[in-house]
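Just dropping this structure here.
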Amino acid sequence: MSKKNKGNIIKDEFEDLGFSSNINGRARRLINADGSFNILRSSGRWKQQHTYQWLVLMSWKKFFMVVALFYLAINFLFAIAYWMIGVEQLSYSDLHFHPFWIGFFFSAQTLTTVGYGGISPIGFVANALAALGALIGLLSFALATGLLFARFSRANVNLMYSKVALVSPYKEQQQALMFRISNQRRNLLADLQALMIMTWIEADSNGRRHRQYRSLELERKFLPMMPLNWTIVHPIVENSPFYSWDKNSCEKRDLEFLVVIQAYDDSFANTVRSYHSYRWEELVWDAKFSPMFYTDEDGNTILEMEKLGNFERISTKKEFS
Amino acid sequence: MSKKNKGNIIKDEFEDLGFSSNINGRARRLINADGSFNILRSSGRWKQQHTYQWLVLMSWKKFFMVVALFYLAINFLFAIAYWMIGVEQLSYSDLHFHPFWIGFFFSAQTLTTVGYGGISPIGFVANALAALGALIGLLSFALATGLLFARFSRANVNLMYSKVALVSPYKEQQQALMFRISNQRRNLLADLQALMIMTWIEADSNGRRHRQYRSLELERKFLPMMPLNWTIVHPIVENSPFYSWDKNSCEKRDLEFLVVIQAYDDSFANTVRSYHSYRWEELVWDAKFSPMFYTDEDGNTILEMEKLGNFERISTKKEFS
Amino acid sequence: MSKKNKGNIIKDEFEDLGFSSNINGRARRLINADGSFNILRSSGRWKQQHTYQWLVLMSWKKFFMVVALFYLAINFLFAIAYWMIGVEQLSYSDLHFHPFWIGFFFSAQTLTTVGYGGISPIGFVANALAALGALIGLLSFALATGLLFARFSRANVNLMYSKVALVSPYKEQQQALMFRISNQRRNLLADLQALMIMTWIEADSNGRRHRQYRSLELERKFLPMMPLNWTIVHPIVENSPFYSWDKNSCEKRDLEFLVVIQAYDDSFANTVRSYHSYRWEELVWDAKFSPMFYTDEDGNTILEMEKLGNFERISTKKEFS
Amino acid sequence: MSKKNKGNIIKDEFEDLGFSSNINGRARRLINADGSFNILRSSGRWKQQHTYQWLVLMSWKKFFMVVALFYLAINFLFAIAYWMIGVEQLSYSDLHFHPFWIGFFFSAQTLTTVGYGGISPIGFVANALAALGALIGLLSFALATGLLFARFSRANVNLMYSKVALVSPYKEQQQALMFRISNQRRNLLADLQALMIMTWIEADSNGRRHRQYRSLELERKFLPMMPLNWTIVHPIVENSPFYSWDKNSCEKRDLEFLVVIQAYDDSFANTVRSYHSYRWEELVWDAKFSPMFYTDEDGNTILEMEKLGNFERISTKKEFS
């Protein structure tokens, strides 16, 4: 088989990234501004999440509500139990509530292992229940506090992306697609890796529209450390899938560049990933990024984060020729 | 040595994956439907598991039984000890049980660090024993709760595999072996890697049957992220070990394709692995997978999980020629 | 485009490591002696650190102060609350303090789940507050103790670097840049990787000074294990960016070699990284490292850490020719 | 420089693995039977271990002694403090010990947060001390229990190595160096990597003996999973450093093969490493490993661990020619 004969449909088949698709209407962007993916799933028969994932990925507000509800529910059940065995199995003084509440507060003091002793078990069954309650409390609070800490210490990264990607002059006579990132946090990122995928929609001869995907070659896809910023560059050379596109074709074909940045974060001692995308509306042609840091008189290097997205338009005539 | 001279037996020797074997009877599949391996070990002299592995890999039911038994056993031992030193070393009122149970419940209240004070140590030995019990309780519950959380938060993946693997038309004039996977959970998998190994049984000139292993080249063995599904494709080109096999030879030689999928799960912050296999009974010839998602009018991408295994039979005449 | 036409500015553009810069004054070193980076950020609008990172990276002294302040503050708030609902909701005897302190100590006993019972809640609101306090205590101490352990067990490495880097004779007729490292701790480091970047400042035709970066090829950049020391060697061959430099040009151009060492530490079960740099003042020409270990009569290998930086000057005449 | 001119001393320089050395006496083996390294360090000025490493790597017996001593010491200090402020600041009854022991047991009940209330603080200073003690208890037991669990759950591997390495016939007319490993535990190891380094001692023209190191090419250095055993094979082809050695030269030069096996252990969710070495005494010439598993009538694969090291001697005449 000669390379020339490869049709578009076939090539798509082995260039797809697991989410090739038939497009009916106008396509929305695949990756949202917050890095999440724009994909819905039909209500299928699959278990959507592991319990741990559910508890780790939910909002903090919801998490605390789940913990509080669990605490109340367990105490409620134990309160019922103590009430049923008879509140006289508990020793207490100066507490003038309904027996349910005696059991409830006793359970709370048991589960949390506070155990003031203002209420204490005297009957055999109450003693056994209390021993069970303390065990349940230790085990379930181990889950709650473990989850709390896992959520709190979960590695994540807060990269700032330039608002737009630029098509800039590059070397002599050439152009390159560029965007710029910086770490919004003070800590050092190491072993950064960048990946850039170009996706667009193309109609075949039957008028059916297919999503196309191509990986883009980057001038540098690995950076050992990023104390400052990083400009990620795709040279638009002849074998680039973006070669010979213009503003018009970008819009017509719903062009979108998917970006994945991976790095090692020393403070979390873990690998972090960041997703982003640039749509055709977020492309600026014939411009280049402005410098965003300088060295002052003392020799210090000063990074100006607010200038990350700054660029200057340049004449379309090639400057480096 | 010329490449032509390599006989089959010799090649097997350096293609084996650590489990080459002489086959006596009909071979059972190597990887079960649940991803476990179908291998028995003769009762040898080796320590089969590290205690941690045993406690992490056992069923939840068994784990809770181990914890409960441990709790009862420690309390039992302390109860005996308090009984032996004399229950008058403990101060208590309104408790009318056998001294053993006084000690038992006191131990439970100490181990869990509840310490109501309804029972409290007054003798010197009882105080020393209680101080020891609280220390033992803290340390052993640290193991129990640590294990509980390690079990609960242990990274695992729930991939859905297509029921069958297909032999589909591929590019022009060619065929490819394909199967399809999708994540049953809602979270995003990143950095997926696929590995496919073909194994079968072959008789040598003496009639002894040997298991053979070959790695299969995949069209794409790495996927940076899988928001939707992934079709893993082995092109059956001339240097493929599966080239020129037919249904008959597959059955006769107990053909099985071993599959390993590895991915990074962001919610667990860890790498996960999934094992699967397709046997000759699970191969469908001359068929191709049906689409399993579409873009609706709002531009959303909808994934239909229940269609993962759907395929359509096609005429054996090459369609792309 | 021919390779010859690549000017310096262009080449810099794709050799920069994310921190290329215009230099106004004399440059200070980029990596300090302690491995930290010498970079300031202008007060921008970005969130500088994740709370977790802040609490993990701060000094121990500061961390304990944060924990103590948090403990006092929570107890203070609960003390106010108990005072407001009336201290008669608490049962206590023999305590003759201001009601605020009764509430304060009761809160401390609740948060830490000690719960002596010398003070115990008798009113309904006090009981509810105590149940809440115990929950808050468990959750917030889970963070405090989790952070304490994360800080304590955080993987780090303590490499000793030779004080200077040497330009030594190397093979026949050649020279190489060398420095030597060793692990200051007794544990074994595995899978070491070294990276060396040369950076200097160069004036362009307009007199503007630019920072230049080049990766240096290492003779060996991977070491499977380092029981003893490791001499990292950059051969100064013709395509090396350091080729044909002399002492004078090093000083004039503020030469600095950035070093990154990465390794796997078995005891922490994690990857560790170490940063270092050598400036032109820390280069010694025409010298070679002295041996730093020997085998004694019993066949034991003895490592002398204090000799790590020892070197002997040699005549500039090539020795191996 | 032509390749031919490379002398032995020079080559050693860039083949050394960080522990090249001058040898005075007879060399002992570099890696002991238990996988530890046979290296001593002269008492230098370096900090030998991070506290965490010290506590994680010490024996269990020593660890429990450290914990117990710490517990006793803290209680001792608090006992002194309570004694100094006056034991009348504590409320207790029926306890007829020396005031020191009252304070000691009260401290134990506070640190472990048991807090029976049999002893409870009534003075202001005692209350403040108790609040401090509970905080110290929580924090220090977080370290103790965290360390306990880190030790218990620390990933390690228990590989069984064949007692000897074999020089076996290999393919046609060739020989190969082989050894065999298997996992002593029931769990599955994934992503195994093998590394083999040959080291020996050679005298230079001055009679000084130098240690030499060479990496050995392996026929297969990666195995995706090891349900059974793995035979690691170094083909002794012409460019192998072991080519043309015989039994005599092995002994004379203190030959030793260093082995590093790395794998991913799913149950620990971590990477594990194993070190081993074969000395010249542990080489067997002209032998091959016997099969160590079979398939029974039901099609099950049975692994016989006790046969791992079994081999059969074969005639020195090449069998495959």
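To keep things simple, chains are lettered A, B, C and D as they appear, and every chain counts its residues starting from 1.
Throughout what follows, a contact is a pair of C-beta atoms (placed from the backbone, for glycine too) under 8 Å apart; a residue touches a chain by one contact, two chains touch by 3 or more.
Bear in mind that the values here come from a model prediction, so they are computed numbers and not experimental data.
Colleague: So which chains are sitting against chain A and chain B at once?
Modeller: Touching chain A and chain B alike, sorted by label: C, D.
Colleague: In steps of 5 degrees, what rotation angle do you get fitting chain C onto chain D on the CA atoms?
Modeller: Resulting rotation angle: about 90 degrees.
Colleague: Could you label the chain A-chain C interface same or different, taking same to mean over half of its residue numbers are used by both chains?
Modeller: different
Colleague: Let me spell it out: compute each chain's centre from its C-alpha atoms, then which one is farthest from chain A's centre?
Modeller: So the chain farthest away from chain A turns out to be D.
Colleague: How many angstrom between the C-alpha centroids of chain D and chain B?
Modeller: Each chain reduced to its C-alpha mean, chain B and chain D end up 26 Å apart.
Colleague: So the centre of each chain is just the mean of its C-alpha atoms; given that, what is the distance between chain A and chain D in Å?
Modeller: The mean C-alpha positions of chain A and chain D differ by 36 Å.
Colleague: Can you tell me which residues of chain D touch two or more of the remaining chains?
Modeller: Those would be 109, 113-117, 146.
Colleague: Mind pulling up the chain B residues that touch chain C in the complex?
Modeller: Going through chain B, the ones touching chain C are 113, 115-117.
Colleague: Considering only the defined contacts, which chain D positions touch chain B in the complex?
Modeller: Chain D reaches chain B through residues 67-68, 71, 75, 93-95, 97, 101, 105, 108-109, 112-118, 141, 144-146, 148-149, 152-153, 156, 158, 160, 171-174, 184-188, 190-192, 219-220, 223-231, 233, 264, 266-269, 291, 293-306, 320.
Colleague: Which residues of chain C touch chain A in their complex?
Modeller: Residue positions touching the partner: 1, 5-6, 10, 14, 16-19, 21-28, 30, 37-42, 44-53, 56-57, 91, 109-110, 113-117, 119-122, 124, 127-128, 130-131, 134-135, 137-139, 142-143, 146, 150, 154-155, 195, 197, 260, 262, 270-271, 273, 275.
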